[in-house]
Structure formats: structure tokens, C-alpha cells
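As written, the chains take the letters A, B, C and D, and residue 1 is the first residue of each chain.
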Amino acid sequence: MVARFMTLKEAVASCVKDGDTIAMEGFTHLIPHAAGNEIIRQGIKDLTLIRMTPDMIYDQLIGAGCAKKLVFSWGGNPGVGSLHRLREAIQDHWPHKLEIEEHSHAAMANAYDAGAAGLPCAVFKGYRGAELPRVNKNIKFIECPFTGERLAAVPSIRPDVTVVHAQKANKKGDILFEGIVGVQKEAVLAAQKSIITVEEIVDDFGDVSPNAVMLPNWAVTAIVEVPGGAHPSYAQGYYKRDNAFYKAWDPIARDREAFKAWIEEHVMNGGPEDFAAKRDANKA
Amino acid sequence: MVARFMTLKEAVASCVKDGDTIAMEGFTHLIPHAAGNEIIRQGIKDLTLIRMTPDMIYDQLIGAGCAKKLVFSWGGNPGVGSLHRLREAIQDHWPHKLEIEEHSHAAMANAYDAGAAGLPCAVFKGYRGAELPRVNKNIKFIECPFTGERLAAVPSIRPDVTVVHAQKANKKGDILFEGIVGVQKEAVLAAQKSIITVEEIVDDFGDVSPNAVMLPNWAVTAIVEVPGGAHPSYAQGYYKRDNAFYKAWDPIARDREAFKAWIEEHVMNGGPEDFAAKRDANKA
Amino acid sequence: MVDYSPTEMMTVSAARALKNDDVCFVGIGMPSAACNLARLTHAPELTLIYESGTIGTKPDVLPLSIGDGELCETAMNTVAVPEMFRYWLQGGKISVGFLGAAQLDKYGNINTTVIGDYDNPKVRLPGGGGAPEIATSCGEVFIVMKQSKRGFVEKIDFVTSLGHGTGGEDRASYGVETKGPSRLITDLCIMEPHPMGKQFIVTSIHPGVTREDIIENTGWDVEFADEVAQTPIPNENELSVLRALHARTAKAHEGQQ
Amino acid sequence: MVDYSPTEMMTVSAARALKNDDVCFVGIGMPSAACNLARLTHAPELTLIYESGTIGTKPDVLPLSIGDGELCETAMNTVAVPEMFRYWLQGGKISVGFLGAAQLDKYGNINTTVIGDYDNPKVRLPGGGGAPEIATSCGEVFIVMKQSKRGFVEKIDFVTSLGHGTGGEDRASYGVETKGPSRLITDLCIMEPHPMGKQFIVTSIHPGVTREDIIENTGWDVEFADEVAQTPIPNENELSVLRALHARTAKAHEGQQ
């Protein structure tokens, strides 16, 4: 099955349904914010959200009531402070109770790797002396059959859908990631379906390195051109991280009413086409 | 400990000793033949040789009597036929008995990966219904603690020394691999010490991709400039695979005397400086 | 009407088994010729993957080894070997694995390890390489191999890689969910596994070959399907593309040293 | 004689703990300032690694997040996050991990998960991120943290990452072979683990700080080494480099939106 080019609306409508397990990845870089907004706009519910760093993108989805559960390893607004929507969901069950499954970065990175590798679990040297295994039943320990060494195991991550943002697709639908590539490739390969938003669709990638970080068109489900679609995160070579926006998010997210008004104005009454202007304002 | 630039003689003398476990890698591409010759010249003995595809480079080391044991997954002269020195060592114990530990490619690739990752073993979906587990005690099976699925396990590969060839080092000693990168990076990271022969030492790598396959100088022990050092394999961007030489190896290796004469002439009376001419004859 | 050799018949038949949207893990030798012939004829979008890490490669000449420079230069992308075996093969991304063999039984179990006893072999063969996991992780497996009593045996000396095991549901008993060997293409005929028993049965015979030829060159009791087809002969385009590919390859591999 | 703040004293002291040949896994915030100050002063060849995958990065301004573009643009190489945690951190390639904390006990065990009960937290903190494995896989760990009774507690509410456990040989009982927290740098003093008991003891006091200041801002019974040094004050170069770094950073982060 070769990837299809679609609108963002079509891509989310055809790939994401209520109750799905979804990974939206991007490690500071290339976070698929436009796609996150589209999921809120389509009113999708009961999602299990997976993400190493559920920063602003999941703060929005959680506050908007799309999430049933969160699987994560670090939930903050990096360099700014807390995620107030996440915090309120956990502490005060608003807009409703949020189940959490908490891991370390190493565990999640290994779990994505194992998911991409078709394994049921990831085995790693982790959680030694740490308390998370007491509160997370999805952390177990096994013994190395050769040395007897005690190793941590977590279930692999195998989402129904993975959504990521990349710099480029070519006309055939192959995808190119550059810079901080995070766990995007693993997250796509681990998933049943995938949506890739891209800055641009090009005829070909030119003289790109043979060892570039890429996905072939047959390993991807839907491709959507959304210039600026990672804003307020960034796309190396296209625009810079909008650090000021991350700081501005803090007071918005602190207040339920301010948050609801922001979602109404920018998400419910907005669309993916709004992101190009944000890209232009943060040109590299 | 930052990498040191050395001669090949110094590098082998300081990093490789009798009885070591050594991995010389390169998947068709970038096979460190000049370094292999140097190990024969220095008369190093009782090596445990590890390599996925012990092609001509290990045929030479085994025939020359350097090896006690071979750990491998495919032992042939690709596209040509058998490795006659390997075959004779196994079938007729010449020049002496050779212990073998045989795996599949998937097992060895996973074992290098696990070695680089500091794990005692690799866990993978392998060897299902295959007979090697009957004859190789280093293949065991474990159960996934979440699904109960039966998974294969092999000890990770953690050589005393890894020897590989790369296209470039920069003046600081960082290493750049391009093209078919095989398991070289993993093999170096899995080892206690490493020798990297390179086609050339450059001031800097220019505008190489941020995601290029590289090793920093502090992850490498010894660097040696040996132009043509991968001949008769190839170095992408420098020279082509000398397929004719691989074919010519067959009659040489078939015959003990022809083999001994070849080693005497080209290895014992040769040196790393001979490889530049071979590179020139096979220019890309 | 064109002239062709049995090997050409085999290669063309093997090529035809591949579809345009297949992702194919290519073994060296005969599989490589068949896979590239398919790509150069009816399946231009066929994705070829070699275990050296090259994805979507379109070589102009056949590689002598599975890691020739041509494979990387013409590939969409080249990944490290652990990634190839972990994310792409084990990750279930490959639809067809194409294997050859030294010894084969009627259930498609393959031996490329030893002839004779493992510890005291009569002939030490190269070994499994990628085959043990190609055989279980690819969606299905095609085997291409010249037919002979020596190669097609009742019992193989060593099970390098699993086919249908002892037949029937045995393959699944190893926790393997993929289809396994679904087609065996030889220089005499095409065989496919029996739907229930999983033993290979002859489903198509190449023109000019008799049932006796097949029986004489097979070490197990040959079974024929109720309806046995005649394999269509290579067409002119297939033959000319295949011959040109071999000619380019010979020239490229001799031009050195 | 120059003027400096307690935070500057802390950052400079933390920077000085790093050696030129260290390979340092950098947490965000205070560790990032200290590590880059070291690189810009006495340790120009110091290798800085951020968990986003950047190796040998030399940012001109401090990143707001651990994955800012500046980190990649100035790095020797950028790898995928699974590779970073698997080959580089777990693989034992990192000599120093630099961590901050919300709560800390005298054995260097760290809490960045919750204040209060895990299931009904008073305050939900960001969580462990890379810390649980940074704490066990790096050769040694430096902790940098402003001193307060609220943060320096007798018993932390949740053990996000292991320090010396319950002291003595407890850390090794988890199969951990690395050194663990070997230095705690605060705005008041420097503490190091007791050679036997492994509890932190004050080994150096910053100028102008009294023993009482330290005792009042610590939730456990403070121990002082037999010989307590006075921390050398920041020199002019350290301060000017640090201030210029902060000024560049502030300008860069405000210049947008």
C-alpha cells in the first residue's frame, strides 16, 4: 500500500478514530501541531496519547477532552514550567479523569525501537533503583539467560496511528527527516497507520546522503503538505522554534477560560492554512 | 581518551594481542584488508575472529594460522563460491583445528547492536524452526514477560578489538562512514578498543549531513590513514569493488601452496603502502 | 518463436511471480536476476531490498555480492545492517523473501549449512546468512532453484531455515504467522504447497519438459496438481531484457584488475 | 574584586567540576548553563550531549528546550533518540551526567515526579525524563540545585532516580556499577558523598556563607568534612563569559513572535 497525498482533514478523518492509541512525536523539533489541532477540530475522543514529552501539543489535546490515557516520560513545557492542562487533568480530573502510564525516556525510546522492530517488548538496562516499577505494571524485570543480569522490560509501543511532521516528501511519497530526528521514524514503523505532515513536496531530494533518515512511500499511509505545520516547534532549514510562544502558552493554559477561548479562536475557527503565516514570522 | 593517529604497525601492535576476540567488519563495502594483512604480518595467534561474512579477509587470517575460533553467519566468497581456507580448516583442521560458533545474520546484527548498547544479550524474533539452536549453545530462548511470546536470545558481541575501514577522519579524529555502512559503527561501539583505517584525513567534513554516520574521536582508539586499505573490497566515492580479484582468489585459496606463496609475496613482503596502487587501479 | 535456455525459463518464471507493489528481500545469485528482471519488465515499482541495507535499489548490473556499490548508488536509502534486520525484516515490512538453496525438502525447508553431519561435515556450505529470519519474517517466500535429485531430497541434512516444517500446521507451531514458501520455481516446473498438507505439488510445467523429467530430477515422490498448467514461455521482451542485464553484468565484473 | 550572585557562584562552581576530556550528558536549565560555561572557559574540548540526540554540540546561546535547533546546527553529529539512549547512554560512553532535582535526599536520590502521593499528588512534577538511566549509566553524576529545606529533604516523596540508595553499598545492590552522585553543587556550598556511608557531606563553602546558612536551608542533619575548604570565587573571565552567554540567550529567546 503506497502512501496517498491528502488534505489534513481527510488524513485525520480516514486514519484516526475514537478510542485509538496514537503517537504524535517530535523531540522539540518537528512536532505535528497542525495535525494536533485537526484532531481537536474533528472532536475525536478517548484517545490513548503516547509521547515521550507531552508538551504543548498534548496539553491542548488533553485540555480539549480528546484523551482517555497518557503514556509519557516527561510532561512539562521545556524551559518554561508545567503543563497546566495536563496537571489539572491529573490533579483535578478536568475536563475528566486522565489515566497515566509513566515511563523513563530510555524506556519509551526502547519501546518505540522494539515496536518498529516487531518485538512484543523492549529489554534494556533501566529503572535500577527507581520507583516507577512500583506504580507501573508495565515495567517488569527479566534475567539475561547467559549472565543472569537483571534487565528491565516494557511492552513495545505499537500505536494504531502515528502522526509526525517532516521537512520534505518527494512526489512519490518518500519522506525525508533532517536534524533532530527524535523517534519519528521508529514511531511510524511501529504503527499500523501513519500521517506525515510535511513542509513541502518536492520533485526529488537532490543529492541527499544515501544514509539520510528517510521513510519509503510504502511504509507511510497519508501525506499532507502543511507549511509551518510544526509551529510553534520548528523545522530545521525552514523556521525557528517560537520560544516566545512557548512562554506565552503558560498563562493561557493556566486558566480554563483563557484556554477554552484560545482553542475556540485558534483551533475550532482555524485551519492548517493558518500555519504558513506562523512559519513566515519565524523564518530561519 | 581521544583517538590517536598512528601507523598501521603501531596500531595493530598496541591494540591487538594473542588470544584476543576481534571483529573486523564491513559488509562487502569498506572491509579492512590492509589491517588484516598487518595482523598476519605481526604473527598474532589464537584470535577469536568475529564477522558476519568471513569472506576473503578471514580466509586469509584463518589460512595464515591466526585464528582459534570463528564466530560468523555466512562464510563464502560472495558470487564466487566457497572460502577454501575456511573450509579446509573446518573439514581437515589445516593449519589447525578451528572452533566455530555459527549464527544467522539477524542474530549477529542484533548481537552487535546489543553490544553497542551495553547489554549482555540480544533478544529477537529469530531461529524459529531452524536447527542452529541444536548445535550452538549460545542460542537460547526466553519468554516475553507481557505476551508469553517465545523470543531468541544470543550473547551480545563485545570484542576486545574492532577493526574497520572508513572513508574519512578529520584532523580531530572524528570518523565518517558513507554508503553501505554495515555494522561498523555498532562493532566499534561494542568493543574495548578500535582501529579505524581511513582513505584520507581531511581538515573537516564540510557540509556533511547532521545525521551522517559518524563516530566522535573519543569513541575510537587508533586512526590510520591507509589509502586503498579496503581493497579488494571498495570505498564508495574512492574506488570500486575489485570483483575480478574476488574471482582470482578462488584458485589461489584452493591450493595450500599457492595460498602460502601469495601470503608470502603480498602480505609478508608487503605493507599498507601497497594499497594505494590498488585503489588507483580501481578508481570509481 | 524465440529460443531460450532452461535457466532463462526459470528466471523469467520467477520474475513473473513478483507484483509491482511487492517489497522483496533479495538473496544473491538467481533471486537477484529474477527480481531485477521483474523490475525491468512488468513491475517497475517493485521495491528491492538487499540485506546490506539498501532499500529500493535499482541496479543497472547485477551485483556480484549483496553489497556492491551499485546497490547503494541506485537505492532510495541505505540503512545500517542492524536496522535492516530489526526494523525492516523483523518489523514485518517485507512482503516477499526470495531464496535459493543447496538442499530442499518437499515442505520447503532449506539447507545451506552442511552436507553430512554438522560436526563432521562432508561439505561445509556458506551457512544461513539472512535466510533463517527471511524465511519466517517475510510475508511469503519464493524459492528458485535448479532441479536435481541431489538438491531436492526427501530429508535435508540440516534445517537452515524453516519452510512448512513437517507439513500441515507445523510451521505455525513455532509461533510463525507468515505464509512461508508459497512458490518453488525450478528450471523444469513451478510447484506450490498443497493447501492442507503443505507439501509442494507441481502446478505448472515448463514447455518441452515431461512429468518423467521432473520425477527423475526430484528426490521425493513428486505430486502433480489435478490441473497442471503449461508455463508460458518467455516473451521476446523478457528475454532481451534478461540477456542485456547479464551482458552488462559480465562486462562490469570483468572490467577490473 | 567582582560582584556576583549566589546563582552565579553555583553555576561557576558546577562548571569547574567538568574536565576537558569529559563527555557530559546535559540536563536542561542550570546544568546547561554550567556545562556551556565550562566549554567556553577552561574545558574547550568538553563534549556536550543532549538527550535529543546531539553529540558534541557547541551552542552559542543556551537552549530553552533540550532540542533547540542551535544544538543540532553546532553539533558534530545528531543521532536518533533511541540510539542516544541505547548506544551512547546505556552503552556506557558518557563520563558525567549533570542533573537537577525538585527534591533531593542526603544520598543523592532524586525526585522530579510528584510531591505527595503518586496516585493523588499534591503537585504533579514533569517526571523523570532521562534521569532514571542517566543516574545509573553515566560514569558519575553531578547534581546542581539551589539549597532549601523544601528541596533538600530527609525523605523524598518518590525515588525518580537512584543516587546512593540507602547509603553504603546499597547502590551496587541494584547491579549498578557506576559511581553515582559524586558532587552536589548548590548556591551555598559543595557537598561530596562520605567515602563509606555515601551521605553528602559539606566539603567546600562558598565565600560569605556560614555553616548556619547551610544548616537552615537543609532538611537533613548537615555533616561537614573535617577540613572544609572555601570555594574560590568566580573570576572575571568566568563571570563575563557567563553573563554574555545569558545575555545572548535572553536576546535570542525574546526575539521571536
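Descriptive notes on the structure:
Operating definition for what follows: contacts are C-beta pairs under 8 Å (C-beta built on N, C-alpha and C of every residue); 3 or more make two chains touch, one makes a residue touch a chain.
Computed from a prediction, not measured in an experiment: that's the story for all the values here.
By number of C-beta pairs in contact, A-D leads over the other of A-D and A-C. Centre to centre, using the average C-alpha position, subunit B and subunit C are separated by 28 Å. A straight line joining the Cα centres of subunit A and subunit C is 40 Å long.
Subunit C and subunit D have centres, each the mean of its CA atoms, that are 57 Å apart. In subunit D, the positions touching at least two other chains are 72-73, 78-79, 86, 90, 137.
Residue positions of subunit B with contacts to 2 or more other chains are 113, 117-119, 124-125, 149, 179, 181, 186, 210-213, 236. Across the whole structure, chains are in contact as follows: A-B, A-C, A-D, B-C, B-D. Interface of subunit B with subunit D (complex): residues 1-2, 113, 116-119, 174, 186, 189, 210-212, 214, 216, 218-219.
Only residues 21, 23, 45, 47, 55-56, 72-73, 75-79, 86-87, 90-93, 137 of subunit C touch subunit A when the two sit together in their complex.
Interface of subunit A with subunit D (complex): residues 27-29, 52-53, 72-76, 78-80, 82-83, 86-87, 90-91, 102, 104-106, 109-110, 112-113, 124-132, 135, 149-150, 179-183, 185-186, 213, 232, 234, 236, 240-248, 281-282, 284. Interface of subunit C with subunit B (complex): residues 28-29, 51-54, 63-69, 71-73, 78, 80-82, 84-86, 89-90, 113, 118-119, 121, 123-124, 126-133, 135-137, 158-162, 165, 171, 174-176, 252-257. Here subunit A touches subunit B in the complex through residues 117-121, 123-125, 138, 140-142, 144-147, 149, 151, 153, 155, 177-179, 181, 208-213, 236, going by the rule given at the top.
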